[in-house]
Amino acid sequence: MVVVMSPDASDPQIDAVVARVREVGGEAFVSRGLHRTIVGLIGDVDDFRALNLRGMPGVADIIQVSTPYKLVSADHQPGRSTVQVGADSGVPPVTIGPGTFALIAGPCAVESLDQTLEAAAMAKAAGAALLRGGAFKPRTSPQEFQGLGKAGLRILAEAREATGMPVVTEVIDPSDVGLVSTYADMLQVGARNMQNYALLQAVGAAGRPVLLKRGIQATVEEWLMAAEYVAQRGNLDIVLCERGIRTFETSTRTTLDISAVPVVQRLSHLPVIVDPTHSAGRRELVLPLARSAIAVGADGILVDVHADPDNALCEGQQALAGADVRELASALRRLVPATERQPAAPDAVD
Amino acid sequence: MVVVMSPDASDPQIDAVVARVREVGGEAFVSRGLHRTIVGLIGDVDDFRALNLRGMPGVADIIQVSTPYKLVSADHQPGRSTVQVGADSGVPPVTIGPGTFALIAGPCAVESLDQTLEAAAMAKAAGAALLRGGAFKPRTSPQEFQGLGKAGLRILAEAREATGMPVVTEVIDPSDVGLVSTYADMLQVGARNMQNYALLQAVGAAGRPVLLKRGIQATVEEWLMAAEYVAQRGNLDIVLCERGIRTFETSTRTTLDISAVPVVQRLSHLPVIVDPTHSAGRRELVLPLARSAIAVGADGILVDVHADPDNALCEGQQALAGADVRELASALRRLVPATERQPAAPDAVD
Amino acid sequence: MVVVMSPDASDPQIDAVVARVREVGGEAFVSRGLHRTIVGLIGDVDDFRALNLRGMPGVADIIQVSTPYKLVSADHQPGRSTVQVGADSGVPPVTIGPGTFALIAGPCAVESLDQTLEAAAMAKAAGAALLRGGAFKPRTSPQEFQGLGKAGLRILAEAREATGMPVVTEVIDPSDVGLVSTYADMLQVGARNMQNYALLQAVGAAGRPVLLKRGIQATVEEWLMAAEYVAQRGNLDIVLCERGIRTFETSTRTTLDISAVPVVQRLSHLPVIVDPTHSAGRRELVLPLARSAIAVGADGILVDVHADPDNALCEGQQALAGADVRELASALRRLVPATERQPAAPDAVD
Amino acid sequence: MVVVMSPDASDPQIDAVVARVREVGGEAFVSRGLHRTIVGLIGDVDDFRALNLRGMPGVADIIQVSTPYKLVSADHQPGRSTVQVGADSGVPPVTIGPGTFALIAGPCAVESLDQTLEAAAMAKAAGAALLRGGAFKPRTSPQEFQGLGKAGLRILAEAREATGMPVVTEVIDPSDVGLVSTYADMLQVGARNMQNYALLQAVGAAGRPVLLKRGIQATVEEWLMAAEYVAQRGNLDIVLCERGIRTFETSTRTTLDISAVPVVQRLSHLPVIVDPTHSAGRRELVLPLARSAIAVGADGILVDVHADPDNALCEGQQALAGADVRELASALRRLVPATERQPAAPDAVD
């Protein structure tokens, strides 16, 4: 941490900063420049943060040098992590992480058993390793379909049986975490809830892998701090998911921050995947964005598929169907090997 | 709602759109232009939304003409609303809305009884009508102070007794809404939770006025849809609070969207206030932004005050103290009458 | 300047940074922390910038401590500057800066002599000190009205004669700077040209005061660097104009960054005004935003007025007319004194 | 174009809109809904735009249905365009467009003949079809290296001779367009000048292909309107270049809007390439972003290379060198065929 003093800071003000740092056992190195003095701090950042140094007289700015997250940081663990999903699910588990590429696919919302089984079959045929599907749907408008709830979870569990794919589904209320954990193999925290700390702590304590979507307003640093909330409860089985950020551009629903993938892979050991469907909000962009996610080096993608998107209850305009799903499968076959990975597949039985 | 067809849409594609609209009882007017055809829809927007028109072949775009919120819309109610806070609190209630200007002030976080009483006294001396203070604190980093919880609520209730000001405090977990409602007169939903629908529904059902902060990523329309979630549970006692949006500018923590105040006052009947403290994140900007909020026509402001900001446990660098609080009071005295309002004050006893 | 090394930077890498800094005569202080080492640099920032330190092995980040602008910086000059406009114009000059508030008003585009004289009369009646009007119009679409050019400049000069107000007008091509300087008293650089360095240098050399609008994409720091380009040519008669930045919010054309006014007043000695008209793009928001600009402490505002906005050739939907202009005058009379300034007026003749 | 009336618009107000549209020969279809009336307009959008309909009483909003650009629109031309660069350059020309992928590489700034020849050799070895290099550099800070000017152009021409690659270079002042056209085969308009209309018109008239970078603040629509300015001067040899937009995220210099590539390819017939170097601003992100640009379907990429980036005068921290250039070449060899294109190469001599 570096304290930047104002150009007009007095010596007693500088001394006061140094004294306050030393009170908590830190060291402070004063460098006097032509225009300003800076004070470099050595010690525990968490201690320093409680000192309100920014509010002290003569202090112009505080610069964070170390990252505010620890457990999820690349410094914390050599090499990149893998996350196993579905360990006790009755179907072969799947591993997400370096060396493989995971397609996660399924319907935006679970509407019925038939619709879910159809979408799951499409997903599997395209090479999916995991099945996604929403039982609890957070919707911007209270008039929109909010999901089937527990009935939806049961359908997902049936689809897992039928297809052999572990299931990931979203949880939106901390009090539902137990229920959702009973049925699902991986808990998704959606973009709107990325800073819902009650929920982050609840999923952190649930003993299930977590898929943590980036909030559309969140910096990469805030996203990793949200992951840290989960990790602090003892759960490091976290897969990050970039799904677009809010910008001024309106030709897409959000702007897919494709650069975030290599940025996160340098800052954190966690796997990171991309959701081209929700980022773009338009079916015709899903395939090119999926290809770009594979090539940039993401550890997987999350894609909506639906057998009859015209009649979907949720986001039908962005779900892939028919020929598009086959083209996605073809892109995976060509591009995953070209980026020196292989498709994620059920873990071999020992 | 207007359906814009692609330039190359065929007649059968246009007919299919018209047929689908008529199936749900809507009317569709087709206007054929030089390059494109547009279809104007008349009927219930909620019915149309379920039709997935955007996903139909030949459809280029769907344009919403009416607003997606109803209860909170200016169309729903003639004139602007007032919200009464503290009706059964044992202290005189306060009314927020047109014709008055409400100062809401207090510490960012409740740290102790003494600290809270000191800050409350400062707030009252500056002309505050309501006391704010955080017992449950959502923090970006899990290392930071998370609030005193229930003990903090008790302290706030004592401060209400001592000062006669009704109390507003944040709730962050749906399961705490009952507890917080026992102590507080107004429930704050913070910016990070603006799209936490479980929480919105819980506060909507709690029978307490709600202070709904705008998410830093939220458009005005999404903010009003969040208010609609609360209103749908039968609670129209909602005060909106602009607190800055996330932009590229880094010289302030967020960018105060001062234009949102007159925009919201045209779109909705609800009162709207401004939080200059959390928007700027820097003490020296709070006073100019508070003045700008008064002059733009906001119905109030929310300001952090602290007797000893250097030792505050939360956001000390942005709390007003001492001379700054007196200058705030002076600005209120000059500018509130100059914008033809009077300070909000405890309602006269009948 | 502070060099932040990577956690895994080696000693030889650190030594290489220190050696490179010393080569150009700088000093480097090394502080070794638990996780990282930082190197504080003392000396001429411009020398350091040429060193490509960011590209050296082991370097994680470079943190700028001092500002990249000098002449326009608050450190460069004690107190805030005033800018005199119209010194050799044949009409009494006007001074913009602390202690006064300048209304600058007129039509968006000069369309004809009559239209300009009418708008100028409205402006003067409302208390304007300067007349604005566009002769060269930068338009997003090549189909839109591009201005009258030289004929427009002549009309502005006639309007100056008729009303006694000095004239500010935009210049968009470096090769027009001489021509525009012949007719206008202040040269406006528009938001789209804020980083048009050829133009900045040309207006810097022209010997006329400059009104420098902030680019809708520009940080406050970049805006001040653009002003530095002008200042380096020997011209410090610069007035900054905040006119909204581009954000995700679409209910206004741009988002007025009202906080930028107090931020700039702390970073720079230059006067700063606000353009509520172009920021909002909607007439009904101009008055509230004008009030907020006065109250925040801006040194002036720039407002479009037009006698017949329904038939304006440029941005008629945002020009004030009739009762709105009178209400603007009334707001100025109430709020300028309430913020302890007086209206800018023609300088008294000695 | 659709005119949306306010909910409280009166019949005479609606009639006035219809009458005004008919005055200019347009047709207006009135659809009366439950809450609002909308008026669909048929005719010439340019005529309607001059009507100031948005400013008329009772009008709530104007919705553009057709695009504001024509010549560059996908509707204007069946199929996607190709742009030939270097037709009269003395070296074999190169074609950019569908079916091929063009690597454009070279130094950020021309510093000397040797440095340019070295970088050009690296570029050629990596498979580049065109050489880039800056002779006129627009720099945010006036303290930074501004380029060699005419001497730089001569060096580029020598490098073209030596390597057989046509040359693209930036022009920043309309008065330099003639000079730059004498030496360069393609004129680059930089991001900061995307709305510098004087410059757009000058390059449009110069008879050279144009590389038009997207402004960091520009929507896709505004970018295409800037291209329309060029096209209106009779020049449709335009290649668009996405180079990142400004967002709140600070871990990269700008946020590469990878989605813009397929979006533009649907809206316009012009080729579109990606500049991963300037978007990211950090060398370690260039390779993953280059891969993502290939896979998304861009028609090429623009990459900085430098033989000695540690001593580069411009942006050394982002230039590729040594092993990174070889890895880029390898990525091109694997991914270009996997997306069913072939590398752009000098056109075969007839």
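For reference, chains read A, B, C and D in written order, and residue numbers begin at 1 within each chain.
Please note the rule applied: a contact is a pair of C-beta atoms (placed from the backbone, for glycine too) under 8 Å apart; a residue touches a chain by one contact, two chains touch by 3 or more.
Just so it is clear, the structure is predicted and the values come from calculations on it, not from any experiment.
Visitor: Farthest from chain B by Cα centre, which chain is it? Let me know.
Guide: Farthest chain from chain B, going by C-alpha centroids: D.
Visitor: Sort out for me whether B-C or B-D is joined by the greater number of C-beta contact pairs.
Guide: B-C
Visitor: Let me have the rounded angstrom distance from the C-alpha centre of chain B over to the C-alpha centre of chain C, please.
Guide: 32
Visitor: How many Å are there between the centre of chain A and the centre of chain B, using C-alpha atoms for each centre?
Guide: Distance between chain centres: 27 Å.
Visitor: Determine the centre-to-centre distance between chain B and chain D, using the mean Cα coordinates as centres, and give it in whole Å.
Guide: Here chain B and chain D have centroids separated by 40 Å.
Visitor: Mind pulling the chain B residues that touch 2 or more other chains?
Guide: As it turns out, chain B has residues touching two or more other chains at 217, 246-248, 250.
Visitor: Sort out for me which residues of chain D touch chain B in the complex.
Guide: It comes out as residues 2, 4, 7, 29, 31-36, 38, 40, 42-43, 63, 65-66, 75, 246-248, 250.
Visitor: What part of chain D is in contact with chain A in the complex they form?
Guide: For this pair, the touching residues of chain D are 217, 219-221, 245, 247-252, 255-263, 266-267, 279-280, 284-285, 288-289, 291-297, 334-335, 338-339.
Visitor: Quick check: in the complex, which residue numbers of chain A touch chain B?
Guide: Going through chain A, the ones touching chain B are 46, 49-50, 52, 54-56, 68-69, 138-145, 172-175, 192-193, 195-198, 215-217, 222, 225, 228-229, 232, 246, 283, 309-313, 316-317, 319.
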